[in-house]
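Notes follow once the structure below has been shown.
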């Protein structure tokens, strides 16, 4: 073989080793996992997303939430995530079974969101926080997502969907209300569904 | 050791056919450097002033930041690497292309792909996977454009005059060979026919690691290995060991990506393999550093020239590898903090960008009839870039440490980590402004050289003997 | 820039030849290594050792189910944590609530005259002539005709559950019933249920009290201790109960 052919072959072979070792392995061992049945509760874990929450994943991806937020609770060897109560247990691969894509994230410019659905179950809090994060959480450096909401004149009765308790510079004046668009609605549904408090056989026991 | 007296026509034609495509790639690259710097600067300021331009969806941080990253990687670094890489292959092999039109078309399509991709991110169809945020259409266009580029690189290699291969050619071959596989695989498995979420973490981490260590790094190392012997006027001092360094990089680069998921939701051994690979990466980095720094004289270092860019770039390479190897020691504190952004800045802006800028400055007078940048200009460029990258890296690393300690302590609220990081992020944003200014200044100087020469393509420098200039 | 564009260095031309010559001259590993200081070689070995050692000690036995790198799982332990075993009381309560409360009620007292109670029932507790196997038989195949429970008379039909519930589910629900509402009796194991199921797998009719009384008394511990002992097989022919 000529020198060039040797080099090409060699590079391909070495590249293929890592390719099989990481990508092939991940597909074979992690890419064909099934949800497990929890005998105690009769539920299937991880639980499937509701239709709204599944659509919310798209909005989460489109607005780049993953640029600031992680969704992984690391195990005790390298972190204090569980001690910080980010979740009852570290997350494992199966937790992300139904995620499309898996929003693992790589930066905590904002807090971890793995179990944000456990920390608050009030949709209005989420809406208010998306609309005016610096008012709801003073000192926060999260930008406002008010472009996912509509300000409109109150017609008769205030809408049940209207976001209440807004106090910031863009809060509605008298006679006006802020209602979420479809995007905000599904995004909040997705955030509310973020709970990893079910047991899995390969995970650590729940704290 | 010297070649025959008369220049062969192969030498003349070969390089001449490559001249315009290379200039096109470099011009596009510099354009995207400005765009990427602008977007990066904007996102850095949004970090410090979150209410800056937050009324519209297309300007939100979560879209601008990935747009900046992708513009710098696919628009600036990839194109500069491709252009200079093909040029170096032509010069080392004394080979040329059949026709330049195909390569120009490929470059055009690549730029189209990047443009569409950036627009798709900003419009809200990003995929939220690092390095793969471009829309599927853009990714396909990039791959199709690349097909031509990859094939021409193999043609240039195959048509080389001399049988043996220099280390730059090995590295360039690696980059040009691996890119289509890793880009296509990642797109296929994560975007087009996505695997289950449970497997996406390691595959995405693998892709990001490979994009850095098997696409950008080999191209840049090849260029550094090419240009340094020119300045020191001597062969590399530990050349045989660069064989080991080469194979080590190719092997370890593929595995080191999963280190970013250390402690995360992937099988423990995968992350540990990534860390082990990062530790062992110290070996090729040491050899590369010996080769690049070993023969430098005081004269080389004191003058701020193109070489200075390359020296700083290679120093950043060594520092980045050391940072990577130190991961298990610091990960508990630094993971997810601004320190991680700093690591990225060190690699993309420090190592890749600085070396490419130096290489472009070196190549300009050899691609055009212009004198290139003057000593003063080069010095100004060098110091402004060096200052901005240094400030950004320093601010992010120190701020990241403070932030990281706050994130690690269970008794400290999350918001304190934000407060601690803020002043450093402010410094980072200032560095971003200076980077933007430097990029614009470089682009203006670059444009001046290109535009004043474009009208006189007759003067093409070829070399057959030292100190002799042949005008074609 | 130290040189103008006209001065092309000879290195650029001869880069390939020069370096190729170096490679050819130092073909052997030893000669190539001599260009590097021996201390550096040692350092390289140390680095490689560190990397490999890290991988070895943090690999979790290279198992796909170990996610915590601190867990050195070479001993065959496959899981990251203790797998939460299903608690029969929790599972049993769930099954009871889903299937049995319609008749036997959530409080296990049944409906007087209609459905027998389970609380304090000698059938459940395995007292008198009843053994552990009898309640398993009832759940598997059902019960019909006149029965006497805690001194009261009932005459109704209980549907069979053998096809609907698996062995471990029957074991769980019976364990729950035997340890709720003041009841206290040993748990039923799924192996025992499987054994009893196997004994009467041809049966299609519900039991009557008379038929059940004909079957010998079996206990879970006895059956576990002496698995070879053959239990007397009941008459497969179903006679309508009196």
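Each chain gets a letter, A, B and C, in the order it is written, and its residues are counted from 1.
The rule is short, and it goes like this: a contact is a pair of C-beta atoms (placed from the backbone, for glycine too) under 8 Å apart; a residue touches a chain by one contact, two chains touch by 3 or more.
None of these values were measured; they are calculated from a predicted model.
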Which label fits the chain touch graph of this model best, line, ring, star, complete or other? complete
From the Cα centroids, identify the chain that ends up most central relative to all protein Cα atoms. A
May I ask which two chains are joined by the most contacting C-beta pairs? A-B
Using mean CA coordinates as chain centres, what's the chain B-chain C distance in Å? 51
Counting only Cα atoms for the centres, state how far chain A is from chain B in Å. 31
Chain A residues counted as touching two or more neighbouring chains: 29-30, 75, 77-78, 90, 92-93
Residue numbers in chain C touching two or more further chains are 58, 64-69
Among the residues of chain B, which ones contact at least 2 other chains? 164-165, 262-263, 265-267, 273, 328
Which residues of chain A touch chain C in the complex? 29-30, 38-42, 75-78, 89-90, 92-93, 199, 201-205
Provide the residue numbers of chain B that touch chain C in the complex, in ascending order. 1-3, 91-92, 162, 164-167, 226, 229-231, 233-241, 243, 262-263, 265-269, 271-273, 275-277, 279-280, 282-283, 286-287, 290, 303, 305-306, 328, 361-362, 365-366, 371-373, 375, 378, 461, 463-464, 466-467, 469
Could you list, by residue number, the parts of chain B that touch chain A in their complex? 46-48, 50-51, 54-57, 60-63, 65-66, 124-130, 157-158, 163-165, 170, 173-174, 177-178, 181, 185, 189-190, 194-204, 206, 210, 214, 247, 250-251, 253-255, 257-258, 260-267, 270, 273, 328, 331-332, 335-338, 340-341, 407-410, 414-415, 417-419, 422
Which of the residues in chain C end up touching chain A in this complex? 58, 64-70, 78-84, 86-87, 90-91, 94
Which residues of chain A touch chain B in their complex? 2-4, 7-8, 10-12, 14-15, 17-19, 21-23, 25-27, 29-33, 60-68, 70, 72, 74-75, 77-80, 83-85, 90-109, 111, 133-134, 137, 139-148
